[in-house]
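Submitted below is the structure of interest, expressed as structure tokens.
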Amino acid sequence: MNSVRFLNLELKNPTVLASGILGLTASSMWRVVEVGGAGAVTTKSFNKDWRSGHKNPSILPFRHGLLNAVGLSNPGIDEMVKEIGKFKQRASAPIFASIFGRTIDEFAEVTQRTVEAEPDLLEVNVSCPNVHSEFGQPFGDSLSDTAKVTEIVKKHAGSIPVSIKLGPHGPGIARLAKVCEENGADAITAINTVGPGMLIDIDVRKPILSNKTGGVSGPAILPIAVKSVYEVYRQVKIPIIGTGGVTQPEDAVQLILAGASLIGIGTAVYYQGIKVFEKIARGIEAYLQKYGFTSLDEIRGLAHE
Amino acid sequence: MNSVRFLNLELKNPTVLASGILGLTASSMWRVVEVGGAGAVTTKSFNKDWRSGHKNPSILPFRHGLLNAVGLSNPGIDEMVKEIGKFKQRASAPIFASIFGRTIDEFAEVTQRTVEAEPDLLEVNVSCPNVHSEFGQPFGDSLSDTAKVTEIVKKHAGSIPVSIKLGPHGPGIARLAKVCEENGADAITAINTVGPGMLIDIDVRKPILSNKTGGVSGPAILPIAVKSVYEVYRQVKIPIIGTGGVTQPEDAVQLILAGASLIGIGTAVYYQGIKVFEKIARGIEAYLQKYGFTSLDEIRGLAHE
Amino acid sequence: MSDLMRTYPIKKIVEHGPGVKSFYFERMLDARAGQFVNVWLPGMDEKPYSVSALGENWLEISVKAYGPFSTAMMDLKVGDRLGVRGPFGKSFTYHDRALLIGGGIGIAPLRLLAHELSAKKLSFVSLLGAATKHELIFIEDFQKWSKNCYITTDDGSQGKQGLVTEDLLSIIEKEKIEFIYAAGPEIMFVKVKELIDPLDIPYEFCMERYMKCGIGICGQCVLDDSGVRVCVEGPVFNQDELKEVTELGMVHRDASGRRVKKF
Amino acid sequence: MSDLMRTYPIKKIVEHGPGVKSFYFERMLDARAGQFVNVWLPGMDEKPYSVSALGENWLEISVKAYGPFSTAMMDLKVGDRLGVRGPFGKSFTYHDRALLIGGGIGIAPLRLLAHELSAKKLSFVSLLGAATKHELIFIEDFQKWSKNCYITTDDGSQGKQGLVTEDLLSIIEKEKIEFIYAAGPEIMFVKVKELIDPLDIPYEFCMERYMKCGIGICGQCVLDDSGVRVCVEGPVFNQDELKEVTELGMVHRDASGRRVKKF
């Protein structure tokens, strides 16, 4: 009963591997589905050319989550398109391709080429907070840039649905989501990491991340994710991939009650291991059963009533 | 050796009770100094007329901090001015008066009347995230509004130094701080709460806070506070009251290495009890001793090197 | 993490009389008499209530309809869910040869105290008062556990007509009381205090103040001049702690923090 | 929370030969042979290193100068602080009548394994190879703890000239080996594997891959086709786990995640 329809897709459960986590290769994502039990997977965000990203430390646990500034490292579109193809051959779950670009033109080009691999959804990352020094402010910090990116990606995406991934900052996530919807987005992914933040080693007296600052993910950000999904749900009709701080079934249920259709899970892989997808999917099912609901649709957005 | 000079003030140690925590009455703040060991105290933010604030639940612990939407409840300027006067008679530590207004004019009026009570510093709260529905966006979300508030408060503050309290959101805390400095601010308090966030009770399926959303404080936000102080320090010459997520001496040292002159402490009172000020002050002292420093000045901002 | 919000269905409701009810929840609560829980009525508000009874896996609070919140609670049905966070605050300490003075709904925390004292085989006498008969809750329990149980009502509908303070001194003498517990309207306690302070008998009183957080950070419940928090250092205070409380029976604070005179 | 970053001063440095050093830190580490720590050189980078020795309150890593990072480590002095997070990954399992095959700096994790095996009184034989004499670290320890210790160098500067694989089969036979551990360049292991797979002797191999997180989330160290993570399911893999690894000796991935052919 946990299987869900999302846009034109059928997932065995509502959990989705979030972008940037174990999403580099077909093998890795295949294992997240087969062993981990994810309902769908999202690739690491990629753009045209490969990037090494920031030096280590680039991913740093602190007591309440992670700080990361991987710097959008990725092997580039050529390799990623191959991996998407391999995944589709090997696994039955949907795959979401997460793309980004440094310019509007690059978004167009990356979309065109990614579409060839026929991912089940294009997730457009306009909200990575960790490449400021290189890219300037994220596109997602501006309503007009977000509109432009959405429009151009939709133009080249053909029949493949497009979800825009937004962060909790900038001009307000609800307004951003509205602009995405108006420009044709099929879904919203909310949220990317929060902050960014910084941690300093007090003994060597230096910021620990090589990029100095990094986005906050994990349990610390759950309330901000819940609030973001809640606001987006109020503003738009398109479905939401709620993401951020989910480590327990109860967290996922909060996001669904706030309005999420699917549940992105990233950092929880660190806390709970790769089987976290299955655990959370089962927990959601148990919740539905406890209260006599027969599908997710019945509880989505209920916190608004 | 832990005593510090801050602007024209002398504090017995660098810890300051943050605004909104135990800052309603002279008796309460007196106890925070006498029993808790704080180096200075900040009043609850107040404005002209009394406000009941939001209904309960208005302060909600979650696993990694607190969510609060007290809604700037306060007994109004008449009572608060009396409490400041009483505190000054009874306690020896400096007192910072936290003020806000719904309009620029109210900021002016509240400043004028607060100055009569001769607090040691005026902290200007332009960044409360919990009164949106009533006040619209916080002044601190706009560079020009922040400039205007700073200017008007400075104009009426006379010889009392002014610190503008900023949040991590909006147009960027470093730019905001710069604007404050340019308009005469004597210090910056960074940061207010983060988010806001929301938590939903999955059994009754409603947001828990009566205001639905509330600002995140406590351990979850430490990295965001460290990063905010780091950025503000790079941008301005005026001193910083670093606030946010400090529960341990090591956290305070991080903020000092990032550039803070004083350390605001709020939510830690919940985790560690009222003596947290003394504990943290001692811990900072132990850190200085361990590395052979003789004053805080020697380590302030060292993470920038 | 019992400070975290969780809701529980009401499993049982007892109506003591018009506008006075007890609510039972199935939830393990590691509490002692005098401690309170914060009760959230979704969509409405959240307020502190003393634990009036406690078992291994359940707890009970007792509420008197007063203002909008407590009146709304009277409409609740079994199965409705309420948030129950806590326990918060400090509990009573245990003493032999004690007198329990309860006024109105203040009887609630004393009910749990009486249970604990009798379980510890400590002897005590009860002196309970209320406006009228219907507000005298748990009387059978007090009668069962106390050495003696004195009752007063304002309207004489049960026990002696009058106030609990009237026979207080003679009861103390007659029963050879060595410790006094009191809970009820602050005005009652002020009068009790006047009477017993000269006797030098140690006492503990359970106070009420407007609360926002219950966890010691908002400052809403702080007492003049000692600066102690009713939600952390209280709600139970002893005679020494109360010496430094200058506002007793004089003022308390409302939701804004303003001083209010009326009690 | 040993995954959290903390820095520790280097307490001792041992120079084994040109460009090969061991670093000692005073830190309790609950680790076993095969597990690694992430070592942060502030301002530079952070990379994984096997624990080569371990005491109650200290640990040691052994580093060979190779690229920019490991070369920078050679300039460190006692008192310099490095971040040491971990332990991460899975350790070797214990077996009797084992053969330890180490190549170059791959000898590091086997050093700790040899110590553990000898402490458990399990017998083993060592077969250690390196480019040259200076890179043969901890030889005295292996000689002390092993039943027999065979040594090869590419240049013949110590032991027999040649590769560890040359006499491998005869040693296995002669020493009646029942389990094989190997750590070293992947190319060495590919050859070892070719030779021992027909023998049906169980084995464990300690792998290296480019790592970003060490905690199983970035996906950088994942192996084709099984999708296992070297940092969590490895770095020690057994013959069954390796059956599903198609990239062995063929490709690995660089910092961007691109496949790189050269080893």
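Each chain gets a letter, A, B, C and D, in the order it is written, and its residues are counted from 1.
The definition used in the following text is that a residue touches a chain if its C-beta (ideal position, glycine included) is under 8 Å from a C-beta of that chain, and two chains touch if they have at least 3 such contacts.
Here's who's who by UniProt: A, B = Dihydroorotate dehydrogenase.
Since this is a predicted model, take the numbers as computed values, not measurements.
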Give me the step distance from chain A to chain D, shortest route via touching chains only. 1
For chain C, which other chain has the most distant CA centre? D
Taking each chain's centre as the mean position of its Cα atoms, how many Å separate chain B from chain D? 51
Chain B and chain C: spacing of chain centres that average the CA atoms, whole Å: 36
I'd like to verify one number: the distance from the centre of chain A to the centre of chain B, where each centre is the average of its C-alpha atoms, in whole angstrom. 34
Can you pull out the residues of chain A that are in contact with at least two other chains? 62-63, 199, 206
Going through chain D residue by residue, note those that touch at least 2 other chains and give them in order. none
Drawing the touching chains as a network, do you get a line, a ring, a star, a complete graph or other? line
So the complete set of touching chain pairs is A-B, A-D, B-C
So, in the complex, the side of chain B touching chain A is made of residues 62-65, 67, 168-169, 194-200, 202, 205-207, 212-214, 216, 219-224, 226-227, 230, 250, 253-254, 257-258, 287, 299, 302-303, 305
Touching residues on chain C, where the partner in the complex is chain B: 1, 3-7, 38, 40, 42-47, 81, 83, 211-213, 215-220, 222-229, 253-259
Please name which positions on chain B make contact with chain C in the complex. 20-25, 27-32, 34-35, 44, 50-53, 55-63, 66, 70, 73-76, 79, 199, 201, 203-204, 206, 208, 210, 266-267, 269-270, 273-274
